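Structures are listed in the sections that come next.
In the two assemblies presented below, chain A is common to both, partnered first by chain B and then by chain C.
Let's look at the complex of A and B:
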């Protein structure tokens, strides 16, 4: 098919191409699709010092570009994509990540979402440390950066589809100069359901020459694809030919290469006996989560299921995944967790009968689309995965929102009349897929599910008279964002990790379940608070510099077992210190790495405060996150809960009703969470209400006057 | 009685590290095992009554 389409260039901007200097271009690109202004913005030394790059740059630009009351669909809302100073190196696994930042339609807060694929590194190689898009176009447009020509344009092209797998294919074909040039194109698009929901994703393409198809990775959380659609932007496209290993012009290239080689060898030696990322990807932990009672089943009620084996990692590897070789989303990543099912025949929807390439499944998709909906069918998981991606829907939010709707249905809070005839029972894969198709068509109950759990709670109460108290307890959202797919119920630290995360309950800040619940390494409130300081701050750093989290601790060296703080993987942390210093020429140590991150973390919290959030009340989890809401949940772990009651209160559970036991357990666990919040806020240098103190901001060097002013006004 | 991850656990004569892992359903691949603060790599290591066993899972999630 010839996809060279008729193009009308609405605006064009030329810029001077310059080599990257030690990881930085020292400028960002600003595009306003309302008035079609395109310009460069300088990156100052202060900006690098305070914000590093990636998410830091995104947050800074978003703060400057918006007002405290800017809404997600106001023209001044922005989408910022920034890859970070180390991103784009090809010597160290997991070095092609970008961070995307915007005001979220789900949370009304600044959201950050990390993503692989080629777009971020190509923007960087094209000459910019970030792409900042603002405005709202009066007709559907494409923003196109040609990094070889030194040209940025706002284009109008009639692309006759809203679905991402086709948009990526069509625009790759259109903008590539020839077949070989396709690998130099990356397309960012949302999908047909993104504009009808608050959970739209951005699909970042990377062309796979072996399959001759653009594949996609997603910036999934918080509805940034919805913002893209609202801006009337069909796609962001970059072209850069000439990717090679030293484009960052690193200060010490040999050190970068040596550090990378060490990890490549480690992966080669150990991955097959550890987590098998190269064989099965992140889905390897489906098995583990099920075995440790941590797999969310049926809206986080239960932690395992007898049928879960049907969606274990090997089921996908043996029956669906086709590549048979390690596969990554950026050049040089030997951890290679990307997995693909080729010639996968779809059974439903507008592409029924089509044979497509499905990237996935990630763990979150198996756990969310599968177990959390009570559906243990790998064929369905892949089909739902495909449609979420191409419709531009976040698999995590869709799964958790659908799980909530299904439980509401099963408990009689809503009925078939409300769902337009859909039988929203756990296990009903046809109903789950139909919800997705409804989101794409903007019709039916799918529209309500696409607005997310928080809005469903309000809608079901108002329109259907559903019990708001029960829905509050079982609706797995905080700040308006749906929980990601881990069971926090038996880990106080993880409850805090989810609830006190800046953007909402996503596990990329802290995943402490094993440290807390299984290892029992952090028994006191002070221990948990220390972990909830260190890990969120440390993990934030990946998104500042341009790294993927996985090579940090989904592989570790043989000598890690001798380390006192083995769970931190000290050798790998030192690798990151070395890489940052070697690329930028700025010598840092582990302490400075944490400080870099702490500045941005506290900036983001203050950003939340500036928008009227970021307080203790905004960090309150639903009770399902803390403990058993229902009789069935209590009884599924009765031995454990009875034992806890006996130990804590010296009572005889045999003489109590289940309701009495749930009440006693609840009072205890809510109090525990409150005490944890006190400890964490104190350790993070925040007030008792969760606001960063002026003294703490000054101490860590996040002392910009506008930031201090917000903190001071809100103490 | 022994301690496993700071929790009391019944001791049986001749019990090995492997037995402790199996009884606790610790099936994870990335385990570090310390007995009385000493690294133990032999899963057939005999656990004595009163031992302090720590089974550290390294995972930090997805």
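Let's look at the complex of A and C:
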């Protein structure tokens, strides 16, 4: 099939190609699709000092490019993709991440979403530390960067589909000079449902030479794909031929390579006996989560299910996932968690009967699309995963929003008349898939589900008279973003990790549930509060430098358990310190690493404040995330809850009604969350209302006048 | 297929094999760049690292830069395709895929046999071995 399409170049911009200097190009690329302005912007020493790169650069450019009241669909909203100074090294596993930043349609806040695939590193090798896209095109356009030619263009091409797996394939074919050149192309696109929902993703492609197909990773959270569609951008495409081992021109390349090789060997030695990332990817933890009662089942009501075994990791490994392939999403990732099901035959939708390559399932997709909807069917999980990706829908938000709609249906808050005949019961996989297809076609109740939990709560109350109080308790969103797929009900640390996250309840900032509930590494209240300071800050750093978090804690050396702070995995932290220093030539230590992060973390919080949020009220979780809302939930864990009440209040649960017990438990848990928030805000250097204090901002060096002014005005 | 075969018992550690190899492929006297290595292991015994052309590295390479020549069975690294990730180095069960601090790509024995011609004791020989 010949995919060379007719192309009309609307605008072209040439730039001088220069080698990267110790991880930095010292310039970013700005493209405005409204007036077709294309230009370079300098990266100053101050910008590197205060923001490092990646998400830091994204947040800084977004702050400068928008007003405090810019809405997600205003032309001045931006999408910034930035890979970070270390990104692009090919020796250390997980070193190709890009951070994408925009004002989110879901939260009205700056969102950040990290993603693999080749786009970020190729943009960097093409000469830019970030790509900043602004404006809204009057017709559908493609932004194309050719890193070998030193050319950026705004192109018009008639691509006859809105679905990402086809867009990636067609544009890879179009922009590649020949078969061999396909690996040098990366396409960023959303999908047909992205523009009809507030949960659109960006699909980042990377060409798989073995399968001879572009595969995709997603910048999933917060609806950035919706913003791309709103800007009338069909795709962002980069071409860069010539990837080699040290295009970063590292200060100490040998140290980079040695550190990488050390981790490769650790993975080769230990992965099969630890998390089996290379066999089953992140879905390895489905089994553990179920066994520890932490798997979200039926809209986070329960933490395990007797049928969950049907979607355990080995079911996918044995029946679907191709084994033994080097499935990294950037070169050099020997942890290789990007598993795929090849020749997967679809059973529904417009591609019914097609045999496709499906990436995944990630744990989130098994837990969300599967368990949280009460569907324990691996074939369905993969099919829903495929359609989410190609339609450009965030699997996590889709899953949590659908789980909410299903519970509303089961509890009679909405009925079949409201759903247009769809029987939205837990376990109904046909209904779940139909919701997705509706989102793509922009019709039916699927459109409401695609707006997310917060909007559904308003809509169901207003249009269908559904009980707003109950919906507030069971709707798993904070700040407008849907919860990711961990059951935080019994983990105080994870409750805080979700609720006090800057962008909304996504686990990447504070995935504490495993160390809290499985490994029992942060047992006391003080431990948890400290963890809620350290880990969000530490984990932010990955997105500044250009790293993936998984090779930090989804593999660890044999002697880790003997280390003083084993849960921090000290040897791997030292690897990161070494890599940053070796690439940039700026010697940092652990303390400086945390400080780098703390600056950006507090900047982002202040950015929230600048937009009228970032207060304690914005960090309030729905009660479902803290404890049992309903009788059924209480009874499913009666022994645990009764025991706690007895111990805490010296009462005899046998003499109390379930609703009395729920009430007593709720008062306790809400108070406990409040106490935690007090401790965490204080530890983070924030006011009791959650606003960073001027003194703290000055102390950590986030002392830009415009940032201090916002903090001062809002104390 | 042709490949190196070693007999550590007769090795006298003259390192001529390494010198020959490093000179042939990297034009250097630095034997760290030889595609085979003669060292002492932790027990103090002579340990010759050679590639058996087993091909485990082929599957480990993300960019298909490593392949087996169908004619002679030898496994080659295509430096032009290689992105220098060194996953193959860790994947090699014999440590026969080499890395040197000055090189962006890994390198390995391609069974040319130059070293065997210099070996005074036949500690390494080039032999036809059944796959």
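Just so it is clear, the second predicted complex is superposed on the first by the 701 of 715 C-alpha atoms of A that agree within 3 Å, B and C clash if a C-alpha of one lies under 4 Å from a C-alpha of the other, contacts with A are read in each partner's own complex, and residues count from 1 in each chain.
Note that in this section a contact is a pair of C-beta atoms (placed from the backbone, for glycine too) under 8 Å apart; a residue touches a chain by one contact, two chains touch by 3 or more.
On a predicted model such as this, the values are computed, not experimentally measured, just so you know.
A.B. asks: One more residue to check, A:210. First (chain B), second (chain C), both or neither?
C.D. replies: In the superposed model, A:210 contacts chain C only, not chain B.
A.B. asks: State whether A:520 touches chain B only (first), chain C only (second), both chains, or neither.
C.D. replies: In the superposition, A:520 contacts chain B only.
A.B. asks: With the two complexes superposed on chain A, say which partner A:54 touches: chain B (first), chain C (second), both, or neither.
C.D. replies: A:54 sits against neither chain B nor chain C.
A.B. asks: So in the superposed three-chain picture, is A:147 touching just chain B, just chain C, both, or none of them (first/second/both/neither)?
C.D. replies: A:147 contacts neither chain B nor chain C.
A.B. asks: Decide which partner touches more residues of chain A, taking chain B and chain C as the two options.
C.D. replies: Partner touching more chain A residues in the overlay: B.
A.B. asks: Report for A:614: first if it touches chain B alone, second if chain C alone, otherwise both or neither.
C.D. replies: neither
A.B. asks: Just checking: does A:363 make contact with chain B only, chain C only, both, or neither of them? Give me first, second, both or neither.
C.D. replies: After superposition on chain A, A:363 lies in contact with chain B alone.
A.B. asks: Is A:260 contacted by the first partner chain B, the second partner chain C, both or neither?
C.D. replies: second
A.B. asks: Once the two structures are fitted together, what part of chain A is touched by chain B and by chain C alike?
C.D. replies: The answer is that chain A has no such residue.
A.B. asks: Tell me, which parts of chain A touch chain C in their complex?
C.D. replies: Its residues touching chain C are 90-91, 183, 209-210, 243-246, 254, 257-258, 260-261, 264-265, 267-268, 324-326, 328, 331-332, 334.
A.B. asks: Going by the contact rule set out above, which residues of chain A touch chain B in the complex?
C.D. replies: 273-275, 282, 285, 288, 291-292, 362-364, 484, 486, 507, 511-515, 518-521, 523, 535, 552-553, 556, 560-562, 566-567, 569
A.B. asks: Over in the complex, which chain B residues touch chain A? Could you list them?
C.D. replies: For chain B paired with chain A, touching residues are 5-7, 25-30, 32, 39, 41, 54-62.
A.B. asks: Looking at the complex, which residues from chain C come into contact with chain A?
C.D. replies: Going through chain C, the ones touching chain A are 59-64, 83-87, 89-91, 99, 101, 104-105.
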